[in-house]
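Please find the structures below.
The following pair of complexes shares a single chain, chain A, combined with chain B in the former and chain C in the latter.
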Partner chain A sequence: MNELKHYLAPTSLDQAVECLKDGDVTILAGGTDLTPQSQAGRVKIKHTLMNIRHIPQLSGITLEGKEIRIGTLATITEIMAHPLVRQHLPVLVDACNHFASDQIRNAATLGGNICNASPAGDTLIPLLVLDASVELASMPEAKLYRHSMPLSTFFVGPGKTRRSLCELVTCVRIPLPAEGHVARFHKLGTRPALDISTISIGIAGTLKEGILSNVRVAFGAVAPTPVRASQTEKALEGQRLDEATIEKAAAVARDEVKPIDDVRASAWYRKEMIHNITKRILSHVAQA
Partner chain B sequence: MSLKHDIEFTLNGIKRRVTVDVTMNALAMLRDVIGLTGTKYGCGEGECGACTIQVDGVSLNSCLMFAVDCDGRNVTTIEGLANDSEADALRDAFVEHGAVQCGFCTPGMIMQADHLVRSGCCGDTDSIKRGIEGNLCRCTGYKKIVDAIASVSGAQN
Partner chain C sequence: MSVAEKKARVIQPDSLIGKRIPKMDAPEKASGKTRYIHDINLSGQLHGKILRSERIHALIKSIDTSAAKALPGVHVVITAADVPDQRPIGVARDHFPLKVGRVRSERDEIAAVAAETEEIAEAALKLIKVVYEDLPVISNPEDAIKPGAALIHPEPHGADGSHEHLKQGTTIAHKGKPDNVAMTFDYAHGDVVRGEAESDVVLEDTFKLHYVTHCCMGVSGMIAEFDASGNLLMYSNTQVPFLHKREFAEYLNMDPARIRIIQPPIGGGFGSKLDIYPFEVICLYLARAAKRPVKMLFTREEEFLASPTRQPVLLTLRSGCKKDGTLTFRQVHTLHDNGAYTSWGATTPFVMMQTFSSLYRVPHCDYHTAAVYTNNPYAGSFRGYGNLQATFAIEQHMDMLAEKIGMDPLAFRLKNAQDAGETTGQGMSFKSCGFKDCLTTAATRSDYSRKVQENVANRDKPGNIKRGVGMASMLHVGGGAKIYPSDGCGTILKMDDFANVTLITGASEIGQGSETVLSQLVCEELGLPMSAITVVNNDTAITPWDVGVHASRTTFIAGNSAIGAAKKAKTKILAVAAKKYDCAESDLDLRGGFVIKAGSGEVVVELSKLLRNLHFQDKAELVMTTFYYEPPSVHQDKGFKGDVSAAYAWGTQVVEVEVDTDTGTVRMTKVTGAHDVGRVLNRLGIEGQIEGGVVMGQGYALTEDLMIENGVMKNPNFRDYKLVTAPEIPEMDISFIESMDGEGPQGAKGVGEAPSICIAAATANAIANATGVRMFELPFTPERVYRTLHGQTPKLYWKPWKAE
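So, the complex of A and B:
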């Protein structure tokens, strides 16, 4: 039986990863997903509940070399307001702006949105097109060990990631976008607030003299995880963003996704919206 | 037996020590353990905002917060705004504009409006509307609520 027996609120990263060693730990940060999930019985709290909010190393948004580091505990409100993010990563600000409600943005953390691994997670699509990586910490021996993983390989299924039970996500690192970098995000839902995406789309790349390169396309709510769309990326890579390219890429996008029917939309509608909104975003980028 | 934990925090300006179930949310602690029933239980999943409180100066849904996470923090509920001149202005404006009908959303609405006014996030009616997106009212249709908040924040249009 792994019934809840301990509550811990460590104040250092070393203590936290030490606690994670036995693997029977539920991690609490903002609580905006864990509270309703545990109260509705969808998630069972393990032997230990560990509140990581008192660990200073997990907070903050900083420029480290050519990367922006966003601590796992940064709230959506903090990310939206931060000058570094506003200056370099406006596409992430845009997605945060469509995230739930003010009260939830004030509590929800970036690490929580990532580890909750919803196929419709609002921050995940911009993070994917920005080539973000997640840093994980653990203590296999007596020493703290950190390693990084591209976010594009992190998600396994709804609510499932490659984080092992004895690891903690400490931060997200995002390379500073190069000159000429463009990135767009669109969330399609039925109302502007507190909505789970019907679909969401992120597109990024470097635009020079009408040619798009280093293309990144990601879709939310069309697969068991947020996904990169490699065929759509190929259809755009190195191409001039003219009407023919845009139409072709939108058609490839529609054929590439394999969504399901659910309460929010039919698979057919999702595919049509992927087509229409991919086309709309690319047309806006071409005209900008 | 459910696991208990002792916490200490500031509630409406007064230090409190409380023993709570580790899995209990802050809303249940406020209402059922401490007995402050001004904070309302609406949906229990962060959709309606009736349970809005302020923690360390920002508004949160107390139903989405573990009670144990209040430990060491500064918590304000609607009761804590009872003798606060800025909040008095909001309350008077709600009365004057007829922004209260059944009254169930009102504590949460005032807590969120107070947060918006104090953080200077309601310079125009669009930002007020955006700011109260997480608060549902099923009676007045929001116009009177937005007008009441605008009259306090000095928002135009």
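So, the complex of A and C:
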């Protein structure tokens, strides 16, 4: 049984981070991960359950200078429908389109998907290749303190992040993609909907006259966290996307990942798929 | 209205048969008003929970329930020691509900609690301390039959090693087994040696069929209450209430007459509720000990862990044909993983051998099954009952044999398909048979033969998507199955003063639409609209006997029973009307709620008025009839031969797929089905039943896989046990072949199980057509297909083995 003693529903960010000070708090947003995980006994709900859904500062999707800010409470459905996201970040829309089912998308939040830190988290791969950063808020003294860190350094292990217990993820910031930016996402599973990835791949970069630069490659479900693939990025950086480059990059990708066997697939199959799908995505980019 | 005008009123002929009639329970279900067992609560009710084993195979050294008993709110805690009159349950009586001295599988029941709330009951389970001593785990049936294998049900020995063998005639649970063989089946007709000698081509392959489970949306549950006189009332989702009444009585050592079963609306059956499971008997023990009603409901995880599965099978098939395409023989050996205890899964050979002996003309057949104990989950009955497994092997061999002799696979099938009037080697007599129509209709509507050629031609062209088309056919009982002393069903039909009918039938509704189709048959006889009927079908104290919902039998058997009762009512009504209006009974008929003149349709009298006249007179009478229908089928003899069903259903399904060779993903794009259903009664209902069955077959073929490793279930949840979801469901084109069975109600035959049977077999053939690669093991998950396409799957071979 859970040890739940208090339920809090703060209406401001200050109140929320104040409550987080003692650290013994479980944060509830969409609840689509928390509920099944706590029922299955994989997550223990702490003394205080804090519902952050009534905090206006955590919502909304806006353009702030050269960055798109997505509030931690933005649901997958909201993200998919938002004109800013649709115009500038189609790869994120694509990933959301493979996220669970409509019912879950209506409740699940971006912040929740990030803090759940699943190696197979569907939004994490596009966010990684889009150079997203997370903003964290806390109240070390009597004043609200915010700081950011790149998403690529945020994940530590399955379900584990660098967020400290007294911090709250407030938003994600994504730099506006430059001209010539291309980004692709592919999720592979047993079925097209309501599935956990066997593997997922995100690839982004700037394509000018057939040359790919600023390359970002990220893989899901092949390591304890979603990962950037630095060797594969190196194999592609500044290269013309011809058949030889694509084959080489796909081979580097296959050798770079160290997946495990689990109920969804064997490590061997995952490595094969990293190769085949990387190759497929790059070929599509080259042909586009 | 003038007399002349009144006389002129004519009711035009109309029929309900073949119409699209919504299911009678649909509005309640769609609006969320249906009260399932989950919604039923009795006053004073306690909640029961079960402590399951933490080990797969172990001796129970001690159980300490003292802390659980001391928890406030706990009424009763029981273990095997608290139920000294416990009797073994199950098909082989090899299974104590509360385990005695030993656990044999992950789901095994150690203790049970009845408490004020579910939460208290859960908390109490955590306080029970069990000490185990591990035993070797057998999770592969091939290991179970090795010489010297550890025994799952050994003969009991005392602490000093002395033999505690009990007297002859006791059950396995009491006397143990000298080996791990739970059951064997051996069948033969003809002479396979001769058959093989006459063959130009002989193939032998091993096929492996996996674990899947029913995944009923409504989890299992039971409410049990003993009244002050000791009578037992159960709310149960059983599919066989009358058989279970008797069986529960045996387990409780009480008079069956004192047991009443009420069946609330059920959230899915599919065969899963044909056997009595430990939780049900334990719920009764708790209610008896607590002297309070006890409700027990599974969690979803428990539903996975402790429900029966489809029978996993390892099967080696040897079959042959002549160059001209004539089938010569089939020889089959199967190894059934029986799991730790015996339920209906072990008896799937009853159906499997019918398919091997009689799907197509097979002059010589030899069939052997050994069902062997392991520490795995145990299999029960599941829509299709072994037929999916048998058809998977046969229909792949049909394609492979055709290829070997260079014959078109459709022509090969048509050459060996039976016609009406034939009797098979096993004694099944096909009085109506639309097999060839099924084959040609499905092939024509899907453009099968052209696509087969085209796909082969396209196989080596560039591109990662390969298209394939595959065919499979099925034979299944369609007029009941005479397994029990009676395969019958009783009906009580009551008409009230307003010409409304109450149809009281033994047949249980499990979502398949039986109450709608039975109502339709009654209303058709009595010339009444569907709105004039109420069905009572869920209380053993009210309804007449029925053997249960299984074997695709309800429409056929309960339908004939309902028609029988309706015909008797009609005869009585027409006799009364004939007398009153001074004409011959044969001149009258019932139509649109009126007694009419048979020839012209002219109204004679409103039916309700006639019934009131009959009722409110000096010699008052009511129209109430009863009928019991027993099909003209026979029991099999000791060699499993005999015409066990009153009719047989046929079907052919053509599956089209796209295989992504980069990933191994198989997308099912279209299913074209043709089913010999005798006659369509409720078109909407039968379409729904076929579509649902196709999707169940699709899950079996592609995504569903209950993963068991060393006796441990790896995926007891819907996240990792993958049911088919809406976007994957293929386009469907379903045709009905109306062979008008002479014995069937309005010509109909059973079809409940039929649509699931062919899909996996046809999908295997489609993948082979697309890629040139054969898949011998289910399910066709992306990884398995990819591995096989890349030569990473060693050829499966199980050397035929027969229990001594």
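Rule of thumb we're sticking to: the second predicted complex is superposed on the first by the 286 of 288 C-alpha atoms of A that agree within 3 Å, B and C clash if a C-alpha of one lies under 4 Å from a C-alpha of the other, contacts with A are read in each partner's own complex, and residues count from 1 in each chain.
Throughout what follows, a contact is a pair of C-beta atoms (placed from the backbone, for glycine too) under 8 Å apart; a residue touches a chain by one contact, two chains touch by 3 or more.
Values in this document were obtained by computation on a predicted structure and should not be read as measured data.
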| item | value |
| --- | --- |
| Chain B versus chain C as contact partner of A:A9, first or second or both or neither | first |
| Partner chain in contact with A:S266 - chain B first, chain C second, else both or neither | second |
| Which superposed partner A:L194 touches (first chain B, second chain C, both, neither) | both |
| Touching partner for A:N276 - first (chain B), second (chain C), both, neither | second |
| In the superposition, chain B vs chain C on chain A residues touched | B |
| Partner chain(s) touched by A:A107 [first = chain B, second = chain C, both, neither] | first |
| First (chain B), second (chain C), both or neither touched by A:D22 | neither |
| Common interface residues of chain A - those touching chain B in one complex and chain C in the other | 36, 40, 101, 192-194 |
| Complex contacts: residues of chain A adjacent to chain B | 4-7, 9, 28, 30-32, 34-36, 38-40, 45, 49, 51, 53-54, 77, 100-104, 106-107, 192-194 |
| In the complex, chain A residues that touch chain C | 1, 36, 40, 101, 188, 190-196, 198, 263-266, 269, 272-273, 276-277, 280 |
| Interfacial residue positions of chain B with respect to chain A in the complex | 2-3, 5, 22-23, 25, 44-47, 49, 52, 58-61, 63-66, 68-69, 71-72, 112, 115-116, 130-135 |
| Chain A partner contacts - residues on chain C that touch it in the complex | 119, 122-123, 301, 464, 662-663, 665, 703, 707, 714-715, 717, 719-720, 722, 724-728, 781-783, 786-787, 790 |
